[in-house]
Amino acid sequence: MSVTSIPTSHQVQNPAHRRSGWLLAPAALWMGAFFFLPLLVVLAISFASRGTYGGVEWTFSLANYLNLVDPLYLKIFLRSLVLASLATVFCLLLGFPLAYHMARLPARWQWAWIVLIMIPFWTNFLVRTYAWMFILRTEGLMNQALLSMGLIDTPIEILYTEGAVLIGLVYGYLPFMVLPLYAALARLDYSVVEAAWDLYATAWARFWRVILPLAKPGVIAGCLLVFIPSLGAFITPDILGGGKTMMVGNLIQHEYLVVRDWPFGSAISFVLMGAVLLSAVLYLKMGRDGAEW
Amino acid sequence: MRKVQVMSDRRTWLLSASLANLVFLYLPIAVLMVFSFNDSRLSARWEGFTLQWYRALATDDTLMAAVHNSLLVAGISTVIATLLGVGAAVGLERIPPWGRRLVEGAVVLPLVVPEIMMGVALMLFFVLAQVPLSLTTVTIGHAALNLPVVAVIVRARLRKLDPKLEEAARDLGATAWQAFRRVTLPLLWPAILGAVLLSLTLSLDDFIVTFFTAGPGSTTLPLKVYSMVKTGVSPVINALSAVLVLISMVLIALSLALQRKAD
Amino acid sequence: MADNSVQIREVVKFHGATLAVDRLSLEIRRGEFFSILGPSGAGKTTVLRLLAGFEHPDRGDIWIEGQSMQGVPPNLRPVNLVFQSYALFPHLTVFGNIAFGLEMQRVFKAEIAARVQSALEMVKLTGKERRYPPHLSGGEQQRVALARALVNRPAVVLLDEPLGALDQQLRQEMQVELKTIQEQVGITFIYVTHHQEEALTMSDRLAVMDHGRLLQVGSPQDIYEAPASVFVADFIGVSNRLTGTIDRLDGAACTVTVPDLPPVRVRTPPHLRAGSQVTLLLRAERLELSQDGSRSERENAAPGRVLKSLYNGGDMEYRVRLTERHTWRVRVPNRGAGQKRFLPGEAVFVRWLADEGVVLPE
Amino acid sequence: MADNSVQIREVVKFHGATLAVDRLSLEIRRGEFFSILGPSGAGKTTVLRLLAGFEHPDRGDIWIEGQSMQGVPPNLRPVNLVFQSYALFPHLTVFGNIAFGLEMQRVFKAEIAARVQSALEMVKLTGKERRYPPHLSGGEQQRVALARALVNRPAVVLLDEPLGALDQQLRQEMQVELKTIQEQVGITFIYVTHHQEEALTMSDRLAVMDHGRLLQVGSPQDIYEAPASVFVADFIGVSNRLTGTIDRLDGAACTVTVPDLPPVRVRTPPHLRAGSQVTLLLRAERLELSQDGSRSERENAAPGRVLKSLYNGGDMEYRVRLTERHTWRVRVPNRGAGQKRFLPGEAVFVRWLADEGVVLPE
Amino acid sequence: LLVLVACNPGSDRDPKKNPPSDTQSARRDPIILHYFTWSDYVEPSLLEPFERQYGVKVVVDTFGSNEELLAKLQSGATGYDVAVPSDFMVAIMAREGLLSELDLEKIPNVRFLTDRLQRLPVDPEHRYSIPYLWGTVGIGYNSEVIPAPPQSWAILWDPRYKGRISMLNDQREVLGVALLTIGQSINAKDPEVLERAKSKLLRQKPLVKTYTSETYDQLLVSGEVALAHGWGGTVARAMAERPAVKYVVPKEGGTIWSDCLVVLNSSRHKELAMRLINFLMDPVVAARTTEHLLFASANREANALVKESVRSNPAVYPPEAVLDRLEWMADVGEAIRLYDRAWTELKMK
């Protein structure tokens, strides 16, 4: 067989193209100026300390990072992690059938569905969250519906619990799960699924052994896009969670705005960022073939 | 028929799961729409039907100014993010692999930064650079927020494009720019449209970065709404949301109908 | 029915408004290498998908190994399909791909390993089991697809143009390999292709389809030597066509009158009488060119002029113009330097035996 | 150089560490139908991409129509490429695709319309100009790709396996059409393929490549009848191979001794003397099977046993085992019912003329 | 070093380098005055006479909390002219050099200030600020559930109302309530005292339905909570929807707050800014604002103009007896860390 190496398409490098690498420059400049430079400023601040009445006292110290090693903060991190993970899992569970369904529709309808999914998010976040309050509260829509259907005898107390926070997070970030999933699934060659079926796979096995692994890039992208903002969320926990628990997002917001300890807030942010990046990198390393973004 | 049964068992299952998703997504929207007709300033109970919030909406100049600012910021930042993001996606394809990996990493980073830190960072940066906070700085911030999103989406599509198409154009006498303009760009449209949609959505609803980068006279709709919390968010916002949703629905229906005609 | 591996009875299948399969009945024997041949859109893939269970007949039914397949989903059918584009699982290794079906059947680990190993040997891929499909050449991918189906020891293997994507060189090699493997394992193969030579060389029997209809079933020789219709003759091999009237019936042979051509002697076809309109089909490679125009009871000759000669390596193809309406293709084996070559413009006679040619009623 | 449309001089091209083109020199005449033939990975596509300007030679240079192409970008070269997968613009209609090159050259609207129209006529697609490529069949797409190149009236059209994706039926039709069009417009065609018959039938001259190197250039007959190496002979047509020693040289003919086989008479090759080791290549279709084992000065015969017979339609292929090491392929034209058929197991003689066969020094 | 500068923008934005250019720019464009305030604090139509009189355009931007205001200004956002921080924030802003000294000559309406607000502890001389609206923090309760007005903050610890209590989502206010119940000042700095307050709150937490600063009016109206720790004005708005809702400041006392008008140091139109303050202090304008917002006005004359239903509402205008029990919230300096820690622990338990 004479075919020994098959160049994969993205390896193919057309030298005539190289010249248009400059197209990257404006974006690089923009992000350099308006993202990386500002980030450096905050990084510097994270090593400073808070002035007596807020503001920044310019003394180099690691105190902010060391302060974080405190069971209290670790607990906040842990709880946020659990909640954000749950939100991610629920988004995945909800979003997958939807994305799969969309991917198998005629092109025209795919568009309609995408827009349909985005529209709710053109309304205001706060107003949407208030609407959820109305739905979830003791005498709210959900309880009334469940009661009248006879599914429950006493109203479920869900508002102002972590359950409500979870619902809010899932609601808020569902599209960020659906869109990448849809993109990955639309690319999936369906004959591979048929091949599995032909090879005795049941519906469950087809999903678990073929569809899911092949949609992995989408799953990873979607999970990151849901998980990260979920960790940083602070309005949803306050409003739907009744302000009874703190998530990392609340903590950061609290430090920045209420306590006005910007150095500490920045330190928390960087630790959070580092943890997320690290886990993302690890995750991507594990699933090498999913390493495209 | 049998066929219909077997095939549609799965189809109906998927369809109902998808519809359940839609219900989930639209339930709060329906609630807020209902409350836009509620004769009470506090959306606590149904007090009767009224159109007063729509009337108020029509005459509320500050709210309209906020909407105007929001649309302006979303529009311009999306244009910037799209232009630069598409450029980045295209350029990325054309640099050596080691550089590509570096840039890919750099593009993911903004997606990982807590938004509030991004806001604070931008605010400090502008102040250091002596740039007065204004709608311009908000727009810059939003563009920085959305640029990676656009780049990621467009790049994914670009990687699926056959590089031979652009070569074919070059072979037929097109300059590099013409080839891009006449072949690659039209083929990227779906992805670009998707990116624009997402970028607009993110920008329209952004509070945190906007809050930190906004200056005098640059109140956007989310800023306006969040500042209402002390005295209660007015149902006028519900009315506004309802109008927005309805307009978008009509637009989709129209475009679907137009496409059907074109087929 | 005991010998029949597959039985298709009066199956009708619509795709929307398209009639993809039209009252198809077919019996395929156990252990047979059976090909389905037809142009693009004939419904070949649809037949395989009906057998595999991805599509369901709108009418009629399908029996495999004596079992009705009505309502049986693909995962419970004793058939395996080799997809045209292979449909290998890109996320699994060669081993993982081949083992998939066995794992789904909950075969023991140790047995899986052994069976995969022997399948790999059969398709000569031992040592490549850790590779991923994108890192294999086309021919290797094809063999993985085949092994993935065979390892399950199904009653029937369905192959949808498995060699379509390969280059000619590889294709010929794989033809031989496939045939050898089939003989070795003795499993029924149903092989879809639109490559006629392939179908003729490899099959025990073959079916020709068009527009969802079965046109002819038979051994390669039946089909090639006695095509049942002009379509079949045209689709398989190169034919020249004449239309004329049966003039004289004298025993074993008869004369057909064709406008503008000398009378043509042919073997008398059964069930035809003088005066019938017939179509006469002549294979390009059964014709000869010569400068000698003598004719006899047993041999025909028609004058013409060479339009063009094409060098093919193994043979020469001449385009010879006989009349306004008849330009024939004549294939002459290439016998090297000693052979007479005809040049464009040269006057020649096309000669053929009266035994040759197929007569079809108009 | 005046007749030369394309001149490639000592061109070397690396892809990373792979030597894709190795000191290639080639002259292609104006108006010629020139094919480049070679196995996958031979460097055929790379040659076309060098000519089109998508790749740049690492060494050597390329002249087209008397102009050095050094530093000339693709859009300024007088060549057009027909891509293997067509690379039609999916967002443009057939008209838009074909008009693209003219628009780039800022030809007037009216002239564009006229030229596209005549190109459409040439490729027989009139009436389909409003269609989009995904709604065309493979053959139609292929013709759009061709029209898109031809409409610009380039000096040279480069075609990269343009028929590779088509089915056999269509492929044969398109071969004829392509050749006709080329003769009609008189433009130089450089045609890349790995389908040998295609190259032989269509080309005025052809080149065989492997591993980036030019192995042989010549007319189809040169290449088929006098391959310069075993590789060329194996790649084009079916050959049987013998290795032996020249035993006796007597004038025009000589005898070659091959272990385990009767002595073989061959035409005396130039520049070889008694005792030389040689390889003898025999084309499968130049052999005959017979029960008669008589040999003469002019004719060879070797005893063997039929292993297998394959029915091919136009001919039969027999696998005949001569010795432990020699199993030959023999192609016999299929002359219908009258012909003697050999069965597997039957003892036969393979016969061939001493004139046949190519002798290559070892 | 740069960062330091950035955080003290008052220092590099010396007003002398940017002399007021009112007259110059007036010819080209109308001057734009930026008024940074709470949402709803001003009806746009109210400002029209002012705009006409001075030929300026007033652009209103809104913020949602004092913290947001400070974050914005502290970082160096310039261009705002007049802002409305709450009393404790005035102290912080003054210390940070964000405020411009007022020339009371230019604000003659200051004479209408009620006595009680004449000498605010944070700024007794009105060097930087003038009280504008004020109010109290107390308990909104549902009189259908609790017929007798609660006498003590301790009712918020009454297990009978488990799950029907809402607390403000504000560390100072919540800890303040706890401090009051143990008889301490709401500005306590003693770690031991704060520790006690914290454990008191921890005991209360299981009874609390939600910590919210925004939606307790809805909750009171819908009847989901019977007791809400909240601002009087907000409770007053709930009363309008559901008369059974009542408001009381318990006997231990409570917080009094006042939103104050200030001119920002970075303002380029200080002169006009003070005129705007004066305009807002106009009794008619102030009365309209109070009626609209249900926050008491700091303006004596305005209070006389406010309609009776509002003036007699104890949630808006607490009875005199109550007023004596109120305490201003003061900046606690480094002790904020203790508050912060206590608050975080409360949330995490």
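Letters A, B, C, D and E mark the chains as written, and numbering starts fresh at 1 in each.
Criterion: a residue touches a chain if its C-beta (ideal position, glycine included) is under 8 Å from a C-beta of that chain, and two chains touch if they have at least 3 such contacts.
These numbers were taken from a predicted model, which means no experiment stands behind them.
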{"item": "Fewest hops from subunit A to subunit E - one hop per pair of touching chains", "value": "1"}
{"item": "Most contacted chain pair (by C-beta pair count)", "value": "A-B"}
{"item": "Most widely separated chain from subunit C, with each centre as the mean of CA atoms", "value": "E"}
{"item": "Averaged-CA centre spacing for the pair subunit E and subunit D, given as whole angstrom", "value": "89"}
{"item": "Centre-of-Cα separation between subunit C and subunit B, whole angstrom", "value": "56"}
{"item": "For subunit E, residues contacting two or more additional chains", "value": "3, 65, 68, 71, 214, 218, 222"}
{"item": "Per-residue overlap in subunit D, given as positions that touch at least 2 other chains", "value": "39-40, 53-54, 73-74"}
{"item": "Shared interface positions of subunit A, touching two or more other chains", "value": "3-4, 14, 16, 41, 45, 130, 256"}
{"item": "Interfacial residue positions of subunit C with respect to subunit A in the complex", "value": "52-54, 73-76, 79-81, 83, 85, 87-91, 100-101, 104-105, 134-135, 137-140, 148, 152, 170"}
{"item": "Subunit E-facing residues of subunit A, complex", "value": "41, 44-45, 48, 51-56, 58, 72, 75-76, 79, 130, 133, 137-139, 157, 159-160, 238-239, 242-246, 250-251, 254, 256-260"}
{"item": "Footprint of subunit E on subunit B - complex, ascending", "value": "40-45, 47, 61-62, 120, 123-124, 127-128, 132-134, 211-212, 214-219, 223-224, 226-232"}
{"item": "Complex contact set, residues of subunit D against subunit C", "value": "39-40, 137-138, 164, 167-169, 194-197, 200-201, 220-221, 224-225, 235-238, 283-286, 310-315, 317, 331, 333-338, 353, 355-356"}
{"item": "Partner subunit A, residues of subunit E touching it in the complex", "value": "1, 3-4, 7-8, 65, 67-68, 70-71, 74, 92, 95-96, 163, 169, 171, 205, 208-212, 214-215, 218, 222-224, 331, 333-334, 336-337, 340, 343-345, 347-348"}
